[in-house]
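Take a look at the structure set out below.
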Amino acid sequence: MVEKIIIDTDPGQDDALAILLALASPELEVLGIVAAAGNVPLSLTTVNIRKVCELAGRSDVKVFAGCSQPMAGPLVTAEYVHGATGMDGADLPDPTMRLQEQHGVDFIIDTLMREPAGTVTVCTLGPMTNLGQAITKAPEIATRIKRVVLMGGGCFEGGNITPAAEFNIYVDPEAAAVVFASGAPIVVMPLDVTHKTLTTRPRVEAFKAIGGQLAEVLVGWLDYFERFDVAKYGSDGGPLHDPNVIAYLLKPELYSGRHCNVEIEVNSPLTRGMTVTDWWGVTDRPKNATFIRDVDADGFYALLTERLSRLRR
Amino acid sequence: MVEKIIIDTDPGQDDALAILLALASPELEVLGIVAAAGNVPLSLTTVNIRKVCELAGRSDVKVFAGCSQPMAGPLVTAEYVHGATGMDGADLPDPTMRLQEQHGVDFIIDTLMREPAGTVTVCTLGPMTNLGQAITKAPEIATRIKRVVLMGGGCFEGGNITPAAEFNIYVDPEAAAVVFASGAPIVVMPLDVTHKTLTTRPRVEAFKAIGGQLAEVLVGWLDYFERFDVAKYGSDGGPLHDPNVIAYLLKPELYSGRHCNVEIEVNSPLTRGMTVTDWWGVTDRPKNATFIRDVDADGFYALLTERLSRLRR
Amino acid sequence: MVEKIIIDTDPGQDDALAILLALASPELEVLGIVAAAGNVPLSLTTVNIRKVCELAGRSDVKVFAGCSQPMAGPLVTAEYVHGATGMDGADLPDPTMRLQEQHGVDFIIDTLMREPAGTVTVCTLGPMTNLGQAITKAPEIATRIKRVVLMGGGCFEGGNITPAAEFNIYVDPEAAAVVFASGAPIVVMPLDVTHKTLTTRPRVEAFKAIGGQLAEVLVGWLDYFERFDVAKYGSDGGPLHDPNVIAYLLKPELYSGRHCNVEIEVNSPLTRGMTVTDWWGVTDRPKNATFIRDVDADGFYALLTERLSRLRR
Amino acid sequence: MVEKIIIDTDPGQDDALAILLALASPELEVLGIVAAAGNVPLSLTTVNIRKVCELAGRSDVKVFAGCSQPMAGPLVTAEYVHGATGMDGADLPDPTMRLQEQHGVDFIIDTLMREPAGTVTVCTLGPMTNLGQAITKAPEIATRIKRVVLMGGGCFEGGNITPAAEFNIYVDPEAAAVVFASGAPIVVMPLDVTHKTLTTRPRVEAFKAIGGQLAEVLVGWLDYFERFDVAKYGSDGGPLHDPNVIAYLLKPELYSGRHCNVEIEVNSPLTRGMTVTDWWGVTDRPKNATFIRDVDADGFYALLTERLSRLRR
C-alpha cells in the first residue's frame, strides 16, 4: 500500500537527493513538501525545493513555505557546508512552478486533520520548526501522525556543529523538544547512521553511470558537498544524511536501532541541541523514539542509485 | 484618533473587566479578541470571552480561539484563584454568538499584515503563546505592531506563582522571550503596578453604585477574585491586574515607568519565567521595553468606574 | 554573656566599620578575622583587616588569609565602588601586626570543632568562599555553628551587580549554595535592609563629632564610599551594608524579618547569584533562613556612633 | 628517573588494582594516597586504601582522609557496582596501619608547595573533590602540578551513570570544572579507553596464574566487579577503569589520544557531569586536556599482570 508522506526540508544537496528518492519511489505519495529554514534561509530553500521537483519532472508537487526563524531566536545557517545557494555544485534553472499560498504550518495541520488518523508520515530533513509550530498550534495532530521520521541528532557520534549537538537539532532545539514530547511515534536517523553512508568514489561512480543531465547534477552536488566533511574527518567521502530518512520508509530492513528515551537539551549553552539518548536504559524516562544506530550502507546506496536512475529522462 | 487593538486574553475576572473597559471606550476599536490558555483551559476562555462580549451587548465582536498549550510544554492553570470556570462569582448565560473559524494566531498575523504598519496595538492579558507563535510563524509582523501592552512580570514585587515568576510569564516563558526579542515596542504592566490597584471596599462600592445587572456581576466577580490575594497578602482588596493594560491606552498619564532592558528567564528551574529587569541600568543589554512601576490608583478606578457605567443598560 | 564570633570579611569601607563596631562592643569576643577575596583581591583584604585592627588599637586580634578565588572560577572585584585599595578615602599606615600562618579555612574548622557546639557565630561580610570551603572540607562543622549572620542577597530590592544578584552572592554562588544547604542556622542581611541605612549628612556629621583621627578616617571613608550609590540611585547617602551584621548581634530588636526558604541560583547566566526568597510561602521548600527586611535605621546609626566613639583615643 | 605521584582514590576494586600497580612499579614513588568519597562513602574508602596497602606489604605508605562530600551537595555512591564495602569479592583483614592526621586536601597542597614545581603528578581515580578543593584553597598549586592524570568522563562512549555523564565526574562536576579550568596539564582516561580494557576470561586466567593469596583476591574482586557491566552491556568481561591511569605513567606508548578542549557541564540537570569534548575542533575554546581514546588492551593487561606478580609473597 502506498504511504502518504509530508516532507519538511531545507535543501541542501543531501535533502535534494532525499526528495528525488521519494519522488522516484512508487511506494510513497508525496502530499506536499514544506520548506524549512536551516542550511540556508527560507528564501532559498523555497526555491531549491522547486528546482529539485522540476529536475524530477514533477512540477505538480505542492510546495509550501514554512517558518523563516526558529521558535526561540535567530537562525543559524551552514553555507560553509552547502555553499551560498544551499545546493552549490550544479546549476539548475530557476523554477517556473509556483509556491502554494498556504503557510506550511497550516498545510501540515490541515493535512493531518483531513486524512485518516495514523495514515500520514512526516519526514523532517532539517530543523523541526514547522512541525514544532504545528503541534503547538494544534496539539491534536500529534496522535494523528503515523510516524515522524527525522534526520537529526547523534549519540555515540556526538555532534557536528558543536561537540554535543547535531546541526538540525541545534538550530531549533525548542521545536525538537516539542516534537519529542508530543506523543507522536518517532524514528531518529542520527549522525551515527549517516556517518556510515559515505560518498565513496565507487558510489559516486555508480551515480555517474546513470548518465544524462541527472547524473551530472548528482555528481556535481556530491563533489561539492563532501569537501567539508572529508577535510574535517579525513574520511573517504562525505556523509549523505537525509536520503536515509526516505530509504528507511522503503527498506526498513537496512536499518537497526533501539526503542529508547531521547530528550532534547534546550537549557545549557554548552550542550544546547544535544539529543540525550538513553541507549543503555540507565534512566526511568519513558521510551519515546526508535533511535537508529546501524545501516547496511551498500544496500542503501544500491537502493538510492536504482531509484534515482528511474528519474533519468 | 481611534486606536485599533487586538486583545489576547484568558478570562479571568480581571480580564473580563479589561475587555469591558475596552468595549466601553470610544477611543478604542477592538478588531478582535483572541482566547489564550492560562487561568483556565482554552475550552473555557473561548466561552468566557463571548459571555463578556454579550454582557456588554457586543455580540458583533470577532472572537478567535488561539493555542491550547504553551510553546514548550503542558499548561499550568490557576483555578485556585479564579474558580473552576475562570469567572466564578457571577452566573452569565451561555453565549449565543459564534467563534470565528480562523485560528487566533492567523488572525493576528493577517490583521497586522493587512492594516497599515504601526497602527495596531496588541494587548496581552494572559500567557503570550498566541503572539509568540504568530511572530515565530511570520516574523515580519513584529515591526508592524504599533506596540505590545502586556500584563505580566514583576520587578521589585517579585513573582506570585513562584518567588521569582509572575503567572502569565511563567506559563509560557518561551513565548514571552520571543516577544521581548522581537523588536516590537513593548509596555509592561507588572505586579509592581497591579498590586497598587487593589479592590478596596470604597472602590467596590463605587462599582455597586452603577446599579443594574452589570453591577451585580462586577461585584460578584470582585468578591470572588479578591479572596485569594487578601488571604495571601493580608491586603485590603485584591490586585485588579488586567484592566491596567487598557487604562494605559486611555490615560497613559496615570502611569510612570522607565525604558529599560527586560529579559525572560527560560532556562533555570528555580527562576523560570522571571522578567529580569535592568531598572538601574547595570548591564549593557539593549533597552527593549517600557517597564511601568507606578500608577495613580484612584485615577485608575475613577476611569474604570466611569467607563463601565456606560455599559449599563 | 559574651558571644564568640568569627568575622569573614573583604574590606571594603563598610566592612571596616563593621569590624570596628565588633571590636568596640564588649558583648562580642572576636576569635579571629578571616580575609576573603571580594571587593578587592585577597592580597589587599589581608592588609586592610590589619590596618583596621591597628586603628582600633587591637593588634592582638588573630587575622587569617582565606581563599584567593571563588569556588567555581575567577574573582570579580568592585574597585569601582571601593577604590583601588578597597578602603580609599583615608590613609592608614601599613600594618605591623602579622598574619597568622594557618589558612583561614582551617581556622574556621578548628575553632568550630574546638569550641562547644552552638557557641560560635560566623559573620560573613563578603563572598562566602571560606565558609563554603570549610563546610565542604569538614561538613560536621555545619551543625556546630551557633548561627551564620551574613550580608548578602536581596529580595524586593533585587540585585546590585546584576539586575538579579547582589555582589557578595554573585561573586561565589557555589559557596553560598553550600552554606544555605548546610543546615546551619542562617540570618540574611540583604540589600532590602542595607539600602535603608543610608549615610545621610546628619549621620555623617554624628561620626565627625566623635573627633580625633578616628573621626577623620570614618568620614573620609564614607565620603568616598557613598559616591557610587548616590550617583546610581540619586539617594541621600550610600547604603552602609556590613555593620548591620554586627548590629544585629548587639541589638536584634532593631531588625524584623521572616523565616523562609532561600535558594541560591547557580545555573542560569541571567540570574546567577540571585537569592531566590520565598517570602510569601508559595513553595513547599524548607525554611532555611531568617530573611531580614526592615531596620530601625536611626537606632542602627545611634548604636554605631556610640560604639565607635569608644574607640577614640 | 622516578616519578613522584599522589593517588586520590575511592576504592573500588579497580582502584585497588591501580594502587597495587603503582606500589609494584619502581618507576613511581607514591608520596601519599588520599581517600575520596565516591564508589562508597569516605568512611569505607579510608579503610579500603589501607587494606590494599597492607595486601601489598606496604604499611609504610601515607594515607590521608579527604572530603566526605562533593563541593556542591550530597554524595552519590555506587554500591550496586562495587558491593556494600566497595571492594566486595575478597575478604581482607582490617588494616592495622593508621591514617595520617593531616587532611588530604592539605597534604595535596603542602606536597605541591614543598616539592619542586613540575615534579609531582596527581592521579585521581574517583570524584575530584579533593583536588578541586585544594586548588580552590591554594590556587598557586595548579601550575606546580606536573600533570593530572584522571579516570573520568567519556566522549564517543557517552556516560554510564546517566546517558551523558560518567560516574566520577557526575558525582562532583564542580570539582572537575575547577580542575579543568585550573591551567594544570591534564590527561583524561575516559570510558572510551576503559571500555576497551575488559576483564576477559584469558586475562582473568592470567591473574589467577600469579598464584598465592594475591591471585585469589584479584580474581575474587574481578569476578564480583564485572557482573554489573557484563549484565548491562553483554560484554565479555567488565571494564577495568582505574589501572589505566597508572599504566599510562608507566607505558604511555600503549595509549593514543588528542589534545583538545574539554568542558564540564555543571548547569543542566539533563547533562550534568558530562565531559563535553571538542574532539573535532569545532569550537574556538582553548585546548586544556589530552583526551585518550585508544589503548593497546593486551599490552595493558600484560603490564598489569607482570607488575602485580611482583607483589606475590
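By letter and in written order, the chains are A, B, C and D; residue numbering begins at 1 in each of them.
Simple rule for what comes next: a residue touches a chain if its C-beta (ideal position, glycine included) is under 8 Å from a C-beta of that chain, and two chains touch if they have at least 3 such contacts.
Remember, predicted model here, so these are calculated numbers, not experimental data.
Colleague: Trace the shortest chain of touching neighbours from chain B to chain C and give its length in steps.
Modeller: 1
Colleague: Tell me which chain's centre, taken as the mean of its C-alpha atoms, is farthest from chain D.
Modeller: Using the mean of the C-alpha atoms as each chain's centre, the farthest one from chain D is B.
Colleague: Would you mind pulling out the distance in Å between where the CA atoms of chain A average out and where those of chain B do?
Modeller: 40
Colleague: In whole angstrom, what separates the CA-based centres of chain A and chain D?
Modeller: 43
Colleague: At what distance in angstrom does the C-alpha mean of chain D lie from that of chain B?
Modeller: Spacing between the chain centres: roughly 58 Å.
Colleague: Taking each residue of chain C in turn, which ones touch at least two of the other chains?
Modeller: In chain C, residues 267-268 touch at least two other chains, as defined above.
Colleague: Can you list the residues on chain A that touch chain B in the complex?
Modeller: Contact set of chain A toward chain B: 67-73, 103, 105-106, 129, 133, 136-139, 174, 177-178, 181, 266-268.
Colleague: Could you pull out which chain B residues touch chain C in their complex?
Modeller: Result: residues 155-164, 232-233, 263, 265, 267-268, 270-271, 274, 276-280, 282-283 of chain B touch chain C.
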